[in-house]
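Chain naming follows the written order as A, B, C and D, and within any one chain the residues start at number 1.
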Amino acid sequence: MTYRIGIINVTGYAGMEAARLLWKHPGARIVAATGRSLAGKRLGDAFPHLALYGDFTITEEIETDVDIVFSALPTGESAKACAPLIAQGVKCIDIAADFRLREPGAFEQWIGGGKPHPMPELLSEAVYGLPELNRDRIREARVVANPGCYPATSILALAPAVAAGIVGPQIVVDAKSGISGAGRGSGGTFGFGDVNEDVSAYKIANHNHQPEIQQELAGLREGPAPKVTFVPHLIPMTRGIHATCYAPLARPVTQAEVTGLYRDFYRDAPFTNVTEAPPHTKHTLGNNMCLVHPVVDERNGMLVAVGVLDNLVKGAAGQAIENMNLMLGLDQPAGLDHPAMFP
Amino acid sequence: MTYRIGIINVTGYAGMEAARLLWKHPGARIVAATGRSLAGKRLGDAFPHLALYGDFTITEEIETDVDIVFSALPTGESAKACAPLIAQGVKCIDIAADFRLREPGAFEQWIGGGKPHPMPELLSEAVYGLPELNRDRIREARVVANPGCYPATSILALAPAVAAGIVGPQIVVDAKSGISGAGRGSGGTFGFGDVNEDVSAYKIANHNHQPEIQQELAGLREGPAPKVTFVPHLIPMTRGIHATCYAPLARPVTQAEVTGLYRDFYRDAPFTNVTEAPPHTKHTLGNNMCLVHPVVDERNGMLVAVGVLDNLVKGAAGQAIENMNLMLGLDQPAGLDHPAMFP
Amino acid sequence: MTYRIGIINVTGYAGMEAARLLWKHPGARIVAATGRSLAGKRLGDAFPHLALYGDFTITEEIETDVDIVFSALPTGESAKACAPLIAQGVKCIDIAADFRLREPGAFEQWIGGGKPHPMPELLSEAVYGLPELNRDRIREARVVANPGCYPATSILALAPAVAAGIVGPQIVVDAKSGISGAGRGSGGTFGFGDVNEDVSAYKIANHNHQPEIQQELAGLREGPAPKVTFVPHLIPMTRGIHATCYAPLARPVTQAEVTGLYRDFYRDAPFTNVTEAPPHTKHTLGNNMCLVHPVVDERNGMLVAVGVLDNLVKGAAGQAIENMNLMLGLDQPAGLDHPAMFP
Amino acid sequence: MTYRIGIINVTGYAGMEAARLLWKHPGARIVAATGRSLAGKRLGDAFPHLALYGDFTITEEIETDVDIVFSALPTGESAKACAPLIAQGVKCIDIAADFRLREPGAFEQWIGGGKPHPMPELLSEAVYGLPELNRDRIREARVVANPGCYPATSILALAPAVAAGIVGPQIVVDAKSGISGAGRGSGGTFGFGDVNEDVSAYKIANHNHQPEIQQELAGLREGPAPKVTFVPHLIPMTRGIHATCYAPLARPVTQAEVTGLYRDFYRDAPFTNVTEAPPHTKHTLGNNMCLVHPVVDERNGMLVAVGVLDNLVKGAAGQAIENMNLMLGLDQPAGLDHPAMFP
């Protein structure tokens, strides 16, 4: 059988990337896709790179029966749009941030602009959709909170070390992102003339992905909760995130020990590889891989852990499809096992 | 059955792109791949984006039985390397320029640096591998000359107009290329500090793709042979070619007439579309499409015909796979019908 | 004495570039600068790269006595804003297109959106501000129409050949521009995610710089007026224009003859050089040079003439300062003779 | 009087940038410039952006009397080349790393590849050329070690906090650099196809700029020496360095207190400004400014201090000229006070 997928807001970067990746998925296909400003248009006319979708038309609402829905609405609008579908028994993967922070006050403070969560009862039920940590729970979930692109990269870089207790709680995450992480809507703010040949930090130690990283790392081990200083940077490229994570070692470890520990941790993960050399974001361009690379700085007793991925794939739409595969009982890598594009 | 492919020089851009695209081809798979400098290395270690190939190892020579071979050697070395395989009955697709110029003197003048063609008997037999023009002959060919990236773009932009006789013989082709068109070997010449934030023309009216364009256009219609002024430009991007072609109209035509004529010409071509608006190279990033767009400049009696494609796919490795599909009796689009990547 | 400059709309790309270049001009300085949305702000706060201007404040109107005014308003708004100042005896350089097309109907058709020119009496008086062609008339002018960035490049590439009568009237100009040519206001349309790794043509044979090029070339020689097919392209860089111009030769000429003719034509021009090799836009990054390079394509009887410049300097603000120097009786290169920035 | 400058290796990025910046310096001019591979060529032919230098010719050796010499030779070759000139009384600014690490063993370990320093007696005399820290000593110096581009950025971002003792000794410096930081010679390694659309870390916790940062920070305050974990990253742009520095607070401080402390520290520094918002590298493109921006992360008791500059100007050639001005008794900002280029 072929499962039926609905995409809410196919016209943002994450939505259109899901459409790109789902073309020829062996177990599921898009049967409905919404997008307010472009409703009534054919998908291939709105986005010429999706011309293969032929006369598939963007609608205002999900008007067909679907088994699962991806919501790529902006954060804050997503939970409300998903709720009626969930009530009808449709499985839901939220690519926005609405279901990520489990503590109700955290949503209010970081995401909702002071307003409480619209569906607190669903919030407690939602599973954080990072299969490297929560594969079995994702399989059973009705609602999956798809990770943010920065948290996905940072958590995968740090998780083995945090879980093993080899680092202390004071952690720095310095992340570099291509412009598409900011979403298609922000073309106005991120004109080529401003972004090209430039790098800058933004929302220094004040980005809503910080509590998300902290929450998930805290779940990996008993003891003092990690305290994460998170600084994102915008760099002149379209896709890709590079997180460089720094954590003081809690006890002396060798490089070989740490590499072994990372390899063990990701032994069964089809989409996270531990590399011998510092990885390049471009090695994951367009595919669902996350590459991680831990380095022991013996001089200073510091662990440096690097993670890279494509923010629109493993950092958004690809991750959502991986979660879908698990929720629907399909093979975890179905439709996602292709090489990256290089150069 | 699954056909067995050999790739000579998998370590250049065209060779590694063929490997990327052939992953999971439904009717053929790579069983041997050579690359002098990296022989003995695993493909996924040499090129991390191809990590899925697992323990597949690069060799010095094609050491396994193959049904078809792609040669991605530098121009001038390719014919010699292919000849013994062709003699053994292996079908051959030459991605270099060795079999493109049919007139023996042309090879000597433009390609061979004054030396004659090493296999003149094969030269006369080789078919120019642009299925939009030569599909049936490619099906029967033993040796296919895969088109150059500039000629593929330019010929597809101009062919319907030239074949219909609506333009005169004096043609200008102004082409813009991303840096990967120059090949991986030229990293030294094309450092980031030189190419970024720059555009320049090179080999003005003196590039060896000029006679190739001229030869193929001349084959489309009786009458005075086209005289093509060809100027290539290097622009700061990695992939993509944009050819803007100018030809004085031989008789008055309307825009509707020309658009209709182009649509008719490409009605059965799975990989060439006529667009309503000026196409973007990025709309073909990573896939095998060529987008063409003819405009009638009524004020000046000029046809402007634009063509765009990804130089490593429809301009090289994808085109080679399309030719392979035809030569092996597989579906023409097999393994190549996926959306482009955007943004 | 130090002349007093006013800048209308210092907050667009051309206005802020004028401010950058005028810092430490030996004969003139900015005493007033307007910019509606940022009125009241300090220039160095609005644009950190201009921090040296200290507490210089942007105003709503020119409130100080000035000797000369640069208008960098959008085309269509500029003439009206300049008229009262001109009436008061202030010399005016219009960086917009309001005074460029001398035929009143041409303004209406190409620039004014069907509306007639607001100041037709000034229109006939305005001098086209390309000193390579009109130096003496600029010296006497009250109103100078600063050339468009595409026309400046194209005319300087073609002028010697057209003036000498060595080419026929049917001319193709294929131009490639960095994104800043579109102006700061268009950040919304030209987001990084759309522009990066892409090239496309726009307004094919329908851009308002076409009649401007045609008008100025027509003034260079008696005989049939040039017919210019002009196609602009957007490429992924911030600054720089590269015009590749094609014109059939009217009579046989040698490369040496053409090179000599170009060198003679620009012998006294401080800012236009004839190069031995194809020039790079980056060789003019940030300075007021235009580099031109003519090539005879003997095979096809075609002249290929390349011109490159920085669209914000020789294509806008630097050209305006060069015109100012002439209008005020200062040295033509005053304040403008510095190397380009490379890499 | 006009001082006479010699440049050793004008053909590298730092050397040619010095030539660009020294055009029209009010108190000094280049009278000799060497460059082995291009000796005998005119500077403007070798580098078209320097065409204004007219018939100035590159030589093999400094053949003219000079008052001061800039050495832009590769690290390890510089000290030997400067020694005879210093012996003749020529003041010397070494843009390479040969005189930066004062401890003789440090040179051997980090710079010399196991070989001892060739001029240990000069090593102890050399002054580290960061005027924000050592202005008076630079004024008296015969030999100045021009800072590395990463150290200049990092030290200026951290110095006020370290000097004031508000941070502990365990410091992380995460630096992002444009490609020109790697020098012109490395075009081969850093081809456009590899660098574009990519970010990666390199020499993780093992770069020779780490001991340089540590040495200079250690000199700012008594107490336990700083332990710096330094990770450089390459990003797809030509110029610009962004250092994001992390240091745990040694005592509670407010944002206002830290901002005040930074402003006080740089009150007399003409080229280092403290910004209100996160600075962009592009705000310093082509000029000698360093912009710093400290942020207190109160949640985690961490100081985040950002520094940005143009690696070829304040990170190399501009800094060298600033040092020259001090050594020759000229105004510190002479020839260097121009706006940055934007966009």
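As a working rule, a contact is a pair of C-beta atoms (placed from the backbone, for glycine too) under 8 Å apart; a residue touches a chain by one contact, two chains touch by 3 or more.
Please read all numbers here as calculations on a predicted model, not as lab measurements.
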**OP:** If every step must land on a chain the current one touches, say how few steps get you from chain A to chain D.
**Re:** 1
Original post:
Counting only C-alpha atoms to place each centre, which chain is farthest from chain A?
Top reply: C
Subject >> Interchain centroid distance [CA atoms averaged], chain B/chain C, Å >> reply: 38
Subject >> chain A-chain C separation of Cα centroids, rounded to whole Å >> reply: 46
Subject >> Centre-to-centre distance between chain D and chain C (centres being mean Cα positions), rounded to whole Å >> reply: 37
Original post:
What parts of chain B, by residue number, touch at least two of the other chains?
Top reply: 13, 180, 184, 193-194, 196-197, 236-239, 279-280, 282, 285, 343
Original post:
Across the complex, what residues on chain B touch chain C?
Top reply: 170, 172, 174, 176, 178, 193-194, 196-202, 204-205, 227-229, 231, 233, 235-240, 242, 244, 246, 248, 278-282, 285, 295, 297, 299-300, 302, 304, 306, 308, 343
**OP:** Please give the residue numbers of chain B that touch chain A in the complex, ascending.
**Re:** 13, 16, 19-20, 23-24, 47-53, 180, 184, 196-197, 238-239, 273, 275, 279-280, 282-287, 289, 291, 337-343
Subject >> Residues of chain B touching chain D in the complex >> reply: 13, 179-180, 184, 186-197, 236-238
